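Once you've had a glance at the structure underneath, I'll fire off some questions.
We call the chains A, B, C, D and E, going by the order they appear; numbering starts again at 1 in every chain.
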């Protein structure tokens, strides 16, 4: 452990207050990403993936949002000890964010050059002209044809894939330590999605950046990530190396997800569906959140919440299930 | 270009509509325009002669086409009462109305935008509530009441401002400009009062909306300083709907100007309308409406252009 | 020149629904800017009783427009849709009995249910419109029956859509489509808006309903695996046209059109072990339907393209057991 | 499925949520109370004060215990005038707005639903909106002769475009909704869809519109009455101001102008606040 | 000095400028056409009339020095001053008078046309003498022409194809004590002193008419020192209040007209004199004068011969008593019950708008329902002219010559015979009075006519208003004349106005 992890988060909790009710959207999330690593954060809609990302970026400054970390470190620096200005100077240069929907994430009334160049001007203090030159370089890098000519264009003049590439360009412009990509390809076609994922992966390799990739697509996670963390109802229920996790899931939820995917190669007549629906974040059952839908649930699952613990078997595998050991054993036998 | 062309066509259509509506409304007024000119006890013979003089003996359709024809040549007809061209009557008044409404608009915008920003960036805080409440209250005020109040307090009690008129008689040169501004303060203030609320509230809502957009989050994620997030990223987007509202509010502004000018004896078109109604001076009434409608149309065109400048989605396609 | 039937039973029967040479162009309104969008430009297809026809294609390729024409929501500019040989659009609009026989399930289960109506009213709407149930008692019974059919408890019929989870809402949408006992149900991305853990439930439901009720389904989706899973035959759309069409196994197993190949290869596979397989990466983005390229619509992104592709538009022709619109279609042999 | 049932059961209906967040807004609740009180005053005017008529001996008296709002120049009680004025002002406001809403609703919904009508109706609405309304109202009110009914009709005649615009834009957001398409697929006729889906959908904005149009109508009535185009047989707030102005007592008998002005302000302010509060409550996004 | 300083009321006035407030613009600068008050005030300062009027309504010389009728009453002669000049240097001569009266006679417009029907032909005997040939003896002719006819410069007006349509809106050629120099519509009218004005050079160098929206604002401006004089008559309430202001002086001006109710005698049941009497007894005259008019009104004892013209007034006339019981009795006699009538009036007239409800409320006591129709001015005029009303409430502004005026108002088919009176005996008496060449001769028949009008309730005169005109105490020297048209704004008064102290 010569180098500290790029991102280290311990016990992140986010609670929203809306309509007089508390919505605990994230209830204790730990994350660690090493340099050059891609961590995929999997989970279905509403499980708290985006909130986690925003909390890490420090974007949840709106009234009604209550964010608490036990520890938050970026490349060894303590984020909790920093002042607002210091944090702001990290954003965009040391850690960056790629949004899901490029059209809504790009400001419609500012030119691409302006929005991209802003990074250089804010963080590097470059002149307008220098910033422009650097922006053109960046656009070239992410494969926007005729970048120099299009630098003055506005977001609506680009296609969906190009916009997403521009977002990626912004994210890598200042060679950050950490890129958080929140479903960066969900709005795109598969053929374009493949291009973007490829692009992010290439830049990661070249720059040695750590990537936190948020997705709900098991396929996407399988394609590009090294580590996978699975979220359910505001908590991480399982994490581990991607191959291992897909092969031998240690949490029934992960297992059920994997089983529910239609397989191109074997169009079985019946998919193994998970009964019921995810709980509403405002009203999570006591004990294990997944218990009501779980076919392995036993009495203890109904009242005692299993903590995320490192597993005996496997390397660096964690799961939050009372039955994970037997699951792994079952898978082995 | 196509965009500008369409807007122009639309403007012309609006103008035609205004001309037509007012033409027929005006003709439907009860009472006899001839009465207002001559002695009520005139002979029938004289009455007929006057009707013919004014072209009122023609069928409505003919009068209408005639009017349109004259209008195309920039001729608004002759005032029944004053025996001078309507254009002369109105051109004397127009500058004052333009000064009044224009200055009210500028002041409203200059005050409204920062106030709206202030309220939006402190949404739900006490300052926001104060600004909102003030805005709503100002919007709810009855123009004559405000006028009387301002006139009495600032004009009579404190004696800071003259209570009527547009410029001092003796003032010349720079003093005249000063005096003009001095006279402008109260009527302009009354108009600003009723306008401001709308601007502030729209500004606030649209800005709050813009501040919740992803592009604002992205700007924050890029480390853009908070001030620039608001003023550069969010505000320009929020200005778009505000511009539209500004265009829509022009009609209200003109209505407010009629009342304000009436109360402050401000020599603008609004007052001319009020007087012309009393005198059944068709041509003046009609001319005034056409002029006001044209002003609204032109202002709307300007709004559209402003919109285009603010919104590249319009500009670049 | 329509593709020959390849129904599950393999018999040649009369198609229930037949679309020939459908065209739809959206023109901007009087005061709007921008050119006409050629959403669908010449699609032929047949749907046979009891079969499921899957349609895949990327966003904006015209799938929804096609679906809307198939149910008579949109009148084709050119070509026509016939139901058992009778044209959809007669002088007075779509005849009521055809309306009854052809139903639709929409993508987003929340917005396709009127938030101000109870589940009962929503499911009963087609019954009311077609006067299919006598008194209100009979209506309730029938609605209850339909809800049970899609796996919902009838005693919740007086609740509002927002009180249900995504999967349950989609079931309500399906119950509504089933109410008039249709012969054809056109499903426009019926599962894409659902959580991954719920998706399988609904996909299973479709498969089961089709088996038990024998309705013919048009199943539109962008997820290749899901389409593969439910369809007997599959059509691949690109920019308003069918690129390939044939039995599912053929299209997936031996794609003839380069676009199908690219699509299949770009789709992320949830198997980390398969990572690093050689993939076809398409360059660029799909062209805009406002100005589709001349000749073969795919030639701008195709690695096989020649000058001929830029000039001559290939028509859908038989390639082995299926049909492809490509001058250089890949033959199995 | 039990878990999701319980989960869903705690969710509030949109209406309940709106009501819950409305209830927490003191301004909104306050306005609703003020409006209710004013409506009561209007309804119960005969019980509160005698109809102001005839003359009194205490002329131009400032407010006192006997005359809460003072008396005017012929000794009538200004309080009684304001109370009875509430009746006419509110009646004109409400009836004008109801009329405007009906017209606006019809036109707005037709424009949104029947695509062929949209362009002509849209242009008509836009054109009407860009006319300077007050001068036109003055004209028509003068034309039709002053009576409460005329005022209501005239104001409605010039207020519907605003309603139509709001209704149209709301309806336009409903028309492309999949549930409308669903109703069409299911076989619903145009009339069915308008009745069952569009109208209920625009009701919330119409609710706000009613409130706003009423307050605008009250202001318009006051404006016209102030200019002397009101109904001489009844008291409205604008009429009180007009009479005060006519008697030349604006400057001295401040109470004859202050109280009707305050009444106007109170009504318009509370309607506006009410609609703002209602909109805020409905707009759950701004609540977070 | 009449600028915007609030403390202006303390500074002494200088003779440089007198600022007058008015509530309307000049509509027409052609004095033969313009008929609004502001029009008259301004044009009266520019165009001389033959005569003016003293406070008792008697004609006094202005442009004319002497006037008389021939024995047979068929010619009238007027002698003119020789020291009046048009502002372009030409003398004001008999030709101008002849031109003015002939233009009106020929084109038949304005107030004057209806008053000179007896005129056959006017001719200039000499530059300073005009002779009018009449078709019949008319003792009212000289009063009418002298008072009403503005004399305009022939050499200017004759150039217009139609005198009536001549706008006269620039390059004015005038002959009054002041000449118009600058017009800023909607704001002000500036007039300059004419130094060689025949009847005596004015003291004030400049007169400015400033336009205000209403009397309220004028009062504020007067108190603020922005203006020196309010041209308009003060509403009674305002007058009461200004009485105690040490910086303001109120001039009391008698009205030459009266306020009245007229009953449409052609409509049932108003054709029944008992019904009209019942209505007359259902009006609380005292209350109207004391409350609505705040006492600034005199009773005219229900006679159309008002105390403003003492030479004609009939001391024997008695006001109708306010007696609802009597009304009820009269109605019962006439066989009327639940009588319901509508009453039109000009909503914009503040006094009438004040007392119209009082009329309604007192009539209620007699069981009569009166529905008020306060109308916009033009509608009101229209209805009046079409005689489309049950009860008409209004006022006549200037009734300066009873034989002439009663003829118009009560003779069968009279121009302003709103009540549609048609009474041969009355017609006869009025004709008799008109033919009389002297006032003494006319007095008996006209008093008899007035008695008939009272007894038959052809007109119900409520009061004669006492006008209050306010000016700053910094000014003095005004010469009040009766009527709102002349008041202290008449040319002779403004010519003699001067700063106080």
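The criterion applied here is as follows: a residue touches a chain if its C-beta (ideal position, glycine included) is under 8 Å from a C-beta of that chain, and two chains touch if they have at least 3 such contacts.
The UniProt protein names, listed by chain, are A = ABC transporter ATP-binding protein; B, D = ABC transporter permease; C = Dipeptide ABC transporter ATP-binding protein.
Since the model is a prediction, treat every value here as computed from it, not as a measurement.
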Count of steps on the shortest touching-chain route from chain C to chain E? 2
Kindly list the shared contact partners of chain B (ABC transporter permease) and chain C, in label order. A, D
Which pair, A-B or A-C, has more C-beta contacts? A-C
Computed distance of Cα centres, chain C from chain A, in Å: 32
Approximate Å spacing (C-alpha centroids) for the pair chain C, chain D (ABC transporter permease): 48
On a C-alpha centroid basis, what's the spacing between chain D (ABC transporter permease) and chain E, in Å? 46
CA centroid of chain B (ABC transporter permease) to CA centroid of chain D (ABC transporter permease), Å: 23
In chain B (ABC transporter permease), which residues are in touch with two or more of the other chains? 10, 29-30, 123, 148, 152, 156, 262
Junction residues of chain A, two or more chains touched: 275, 277, 293
Among all residues of chain C, which ones touch two or more of the remaining chains? 31, 165, 168
Over in the complex, which chain D (ABC transporter permease) residues touch chain C? Could you list them? 1, 4-5, 7-9, 11, 13-14, 119, 177-179, 181-189, 192, 196-197, 200-201
Could you list, by residue number, the parts of chain A that touch chain C in their complex? 44-45, 159-162, 188-195, 197-198, 216-223, 242-243, 246-247, 253, 256-258, 260-264, 267-275, 277-278, 293
Chain D (ABC transporter permease) partner, complex, touching residues on chain C are 29-31, 68, 71-73, 96, 99-100, 102-104, 106-108, 111-117, 125-126, 129-130, 153, 156, 159-160, 162-165, 168, 173, 176, 179-180
Within their complex, chain B (ABC transporter permease) touches chain D (ABC transporter permease) through residues 10, 13-14, 17-18, 21-22, 25-26, 28-30, 123, 132-133, 136-137, 139-145, 148-149, 152, 156, 201, 205, 208-209, 212, 248, 250-252, 254-256, 258-259, 262, 270, 273-274, 277, 285, 288-289, 292-293, 296-297, 300
Can you tell me which positions in chain B (ABC transporter permease) touch chain A when the two form their complex? 123-124, 213-215, 217-225, 228, 232-233, 236-237, 240, 310-313, 316
